[in-house]
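These are the structures, in structure tokens.
Look at the two complexes coming up: chain A is in both, with chain B in one and chain C in the other.
Showing the complex of A and B:
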């Protein structure tokens, strides 16, 4: 006896789905997504992969894959499913990763991710459900809309001169050398559907056998968006869509790619990461210096002045002291000349957010930064100002303002480039957070070019002295 | 349906409450043994129903149906 029924790779009940009907899909009557879902679920069971499948839900009608499939899920930003799939597959090579996308998602907003994942030959399976329209948002023109097809945004039909031509993704993908299998099928009549079923199984089998990137474009229907009933929509698909999107295999190298695209990755090893960052070493050596007070710092200036590096230096000093440290930069597109700032947190406790909205230490290297951030400094906080650059530095009630001509001092030491290190010395003196000798040792290990160590140490000491002398 | 019929003849079961009345199963059935009901189901659709004879168990209706659980095909 043979029973053909709902595959067990579907949840028995769709509990995540809102509303009362937990056994039906959210799809409109006659929608092709349900057919494709069914055939994927069936293939998952038959290949025995549902326990290791990760289904990437994109944006569009098909966003709710996680309502239905009893497997792993990850939701991706619109169009980014192939990028997310890449990450999951590379981190978990044993996972069977399905990137399930509609035409708006794959061929419009996600074109870049789609092409590059294909071009890298990622060992994933992409199911591209093409119904020639944006269904979920109300039937707007999609990149795959046919010439002359009426949609919400092309009420007189798509015009080639105005809107370009429907984009044939399968043909484009097939030109990329790293792809393994590219076919276009349809949810049209029964023959089409059974061919689609075969293609879906093949694309998944390819991934199981590590044969690389498989792409199945499935022409599907959107009866609601097309303003047709189910059977008329299937007829229109067969008669009109297949003229523009011819069915067939565009590329198939499945037979001689077995195992070729298996990309195992080394398991994540925190010790290795720490060694690379020098963090583990630091922790081992850490003297566990107590911190008088948590530091929430903002360092700001023009790009190129070294404010980001100053933040890094301080964060590294903190790490060497056995503290929790965070550093996060914020800068414009310019390498030099734009504005730049970074936030640094140093704490004896774990740091929740790397952002610093209310600093207790502000270091500014230009006038606009002083004006932008001075108001954010908490009462009792310290503001260190490079007076070589900042001409107008008024006092700030309730805050301690430390004025130091850091760039001028740096110039005297040898180069204005070490102004940030002069400021690091000033920070040590003004906050009392770290002994000078400890910071010197940290700097020796942090500065990459060893012939510049002495210059940096000189800058550090001058900054430190200047502030101590002024107190 | 009695036991002897179940044992020998293929048949389908359509869950009227899960059917959305899209009629795709009717179009693909080579024997024309599915029809649409005049009654409405709980979701206000006219569901499809099996005429009760001549099913070959080909399962084309199952694959044409977009709903996961609306149709079950039994082929003894």
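Showing the complex of A and C:
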């Protein structure tokens, strides 16, 4: 098809097109795509936006949109154009993004992308060319194929019971509150074309003025797919298609949405990101404390007792002491028995496995944990037991068992929630790994709620005292 | 520099922001969701974009759109979600767009479970989607590397205009360790010559992977292939520990490499000369180094959280010059040190009897 009176938003010659004919489009005679392309190009010229425009070519006959429009182009996978459009528009809200899609693309394989881009009110323009058939792949049924219409995959005609009904996208899109403008037009007679031209222009103007998501469904002809000549195709469109897909405006809130859908992006400069993430901050306390022995610890109890946090506290103490530290929550098959547990390693050397299967320090806050893990403690290891919860705590040959009513002490301090911090104090005393003052300073930095710092410090000291006193 | 105690999954987001990533698109899935949580918190706070997409398919296509503008962007998921992204990755590779995709691998196939596995090795290193393409694949084994390799991933993606995968596992994602936050820096690439930004300077550019003429598509594939050869030549990264005199070289990545590292000294204390070779790039694979090491009296053991995937690449590199053994656990089961030591013993002592 030759496009006469080419708008300047078209390339003067279609050099990206293969073959010798650089003047004509690749579309079949009587196809509606050429008309729609021309109306879009005219609107681009009138609005002066072609250099700002990114045109997303779909999969289907209009996959070669980039042959024609003198603007930026991205070709998208089948059905994905609205997602690609989102990625473009959100990254550069000044770009004018056109998602040009056929019926299979928009209303079958890309239904999810279509509905959700509309539902987010993306400030984009969607042109939906509905010709009730898959053109490029050889005339198969489209989601918009009419009942009774014969296609390559409905050789006996589309049946409701077999294939469902033609889907009316404009009506569906119009139900979504975030959408701004939804209209269905047609490439039929000259009156239709005038309305289509106006709708296309309005849909693009809305985007330029940040009025939000505009959707124009354009009923179009496919004489080749329909196996008709051009005039018959136009007649069939006007007489049959418009019965199922009525023309008109389904929603228009353009007037009161100017500027409302502009989503600016202002990425911070590197210095701002450094400040936000704390890169390059001076080390809080770089003093390096020697560790009497590497610690391979396991902390276990019921969920909610704070065993994971206890492990985290100790790991952070180690980090502050300039040690290598790792913390990992129970994960996978170890989660048996409904107990929560975590593994912590502290070492002056690089830590290999973060998982601890033979701990030299075990802290347990319930009976099942003691039973599950006591046997894994290495000879010479320490087992710290919260005897407020664990009733039956026998001695373990070759292991040092430290009994402390941590939850009871925490209650006395103010709340059972700090039982884990009582145990942290007990760990300090039992292992001798870190001086109490150092752990106190670490807690001051780690405890997020500053009004709880004193409570935590009290719990820490009580745990520490209890173990020292018991020795 | 300050060290912060953080989860591997959070460290990825820190690395991405410091690398200049401006847009994150994702869909929730365990055990990768923390990445989306951190991105939702930090990207908008820094003026960037975060969208929870309607699907993994949409997320990767949003990445395609932003990447096409020459802007750093990423998505993250776990195995079933990573499968859904393969279509988009094929288009991204075919269109030569730079982006970073994280796969915090979990147990499969199918719904599998949420425990750590390395069962996506084939999918990550051999293609995954349709057509002739490769992902550059980086395999961190600690929180610091989750951050640092993410920064590297963005640089490699831009340098080669190719998607880069962070091949993590459930452990490296969930584990917390001290992380030194690297300094942010401006993106050292100018993509004006090919990207489409929606401005005058780039409005004649085209992002596409369609080449209708056979000769054109062959030429495009050969060009991609030439690029992949350059990457294979220049970007191999691996770490070695005690391999020089080793009788048994254990090849392992991710969490398994950490466990193997623990066992090397223990094995040597028992008189077994064991070494660790850890591929940091799963693709390109350190084949040349393995080939070099195989030219003496040595055995290899590929230890993986799967039923035997990377072992095929070890065998291809060794080309029959040395015995190649395999030891794997899967479904979330992880070999302990004793278990691996027993395996070394079988290979080194049983193998010679």
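The rule is short, and it goes like this: the second predicted complex is superposed on the first by the 262 of 471 C-alpha atoms of A that agree within 3 Å, B and C clash if a C-alpha of one lies under 4 Å from a C-alpha of the other, contacts with A are read in each partner's own complex, and residues count from 1 in each chain.
Everything that follows uses one rule, which is that a residue touches a chain if its C-beta (ideal position, glycine included) is under 8 Å from a C-beta of that chain, and two chains touch if they have at least 3 such contacts.
Note that the coordinates shown come from a computational prediction; the quantities given were computed from them, not determined experimentally.
By the touch criterion stated above, A:50 is placed in contact with chain C alone, chain B being left untouched.
When the shared chain is aligned, chain C comes close enough to touch A:276, but chain B does not. Taking chain A as the reference chain, the count of touched residues is higher for C when chain B and chain C are set side by side. Once the two complexes are laid over each other on the shared chain, residue contacts for A:100 go to neither chain B nor chain C.
In the superposed model, A:113 lies in contact with chain C only, and not with chain B.
By the touch criterion defined above, A:18 reaches chain C but does not reach chain B. Once the two complexes are overlaid on the shared chain, A:355 sits against chain C while remaining clear of chain B.
Within the complex formed with chain A, the chain B residues making contact are 17-18, 20-24, 26-28, 43, 45, 57, 59-60, 62-76. Across the complex, chain A is touched by residues 1-5, 14, 17-18, 20, 22-23, 25, 42, 45-49, 51, 53-55, 57-59, 61-69, 71, 73, 87-88, 91, 95, 115-116, 170-171, 174-178, 181-186, 196-200, 202-210, 212-213, 255, 258-263, 332-334, 336-338 of chain C. Here chain A touches chain B in the complex through residues 1-7, 10, 21, 23-25, 27-35, 37-39, 41, 68, 189-190, 193-194, 197, 223, 229-231, 234, going by the rule given at the top.
Within the complex formed with chain C, the chain A residues making contact are 16, 18, 50-54, 57, 63, 66, 70-77, 80, 83-92, 94-97, 112-113, 115-116, 120, 265-268, 270-274, 276-284, 312, 315-316, 319, 324-329, 331-333, 350-355, 357.
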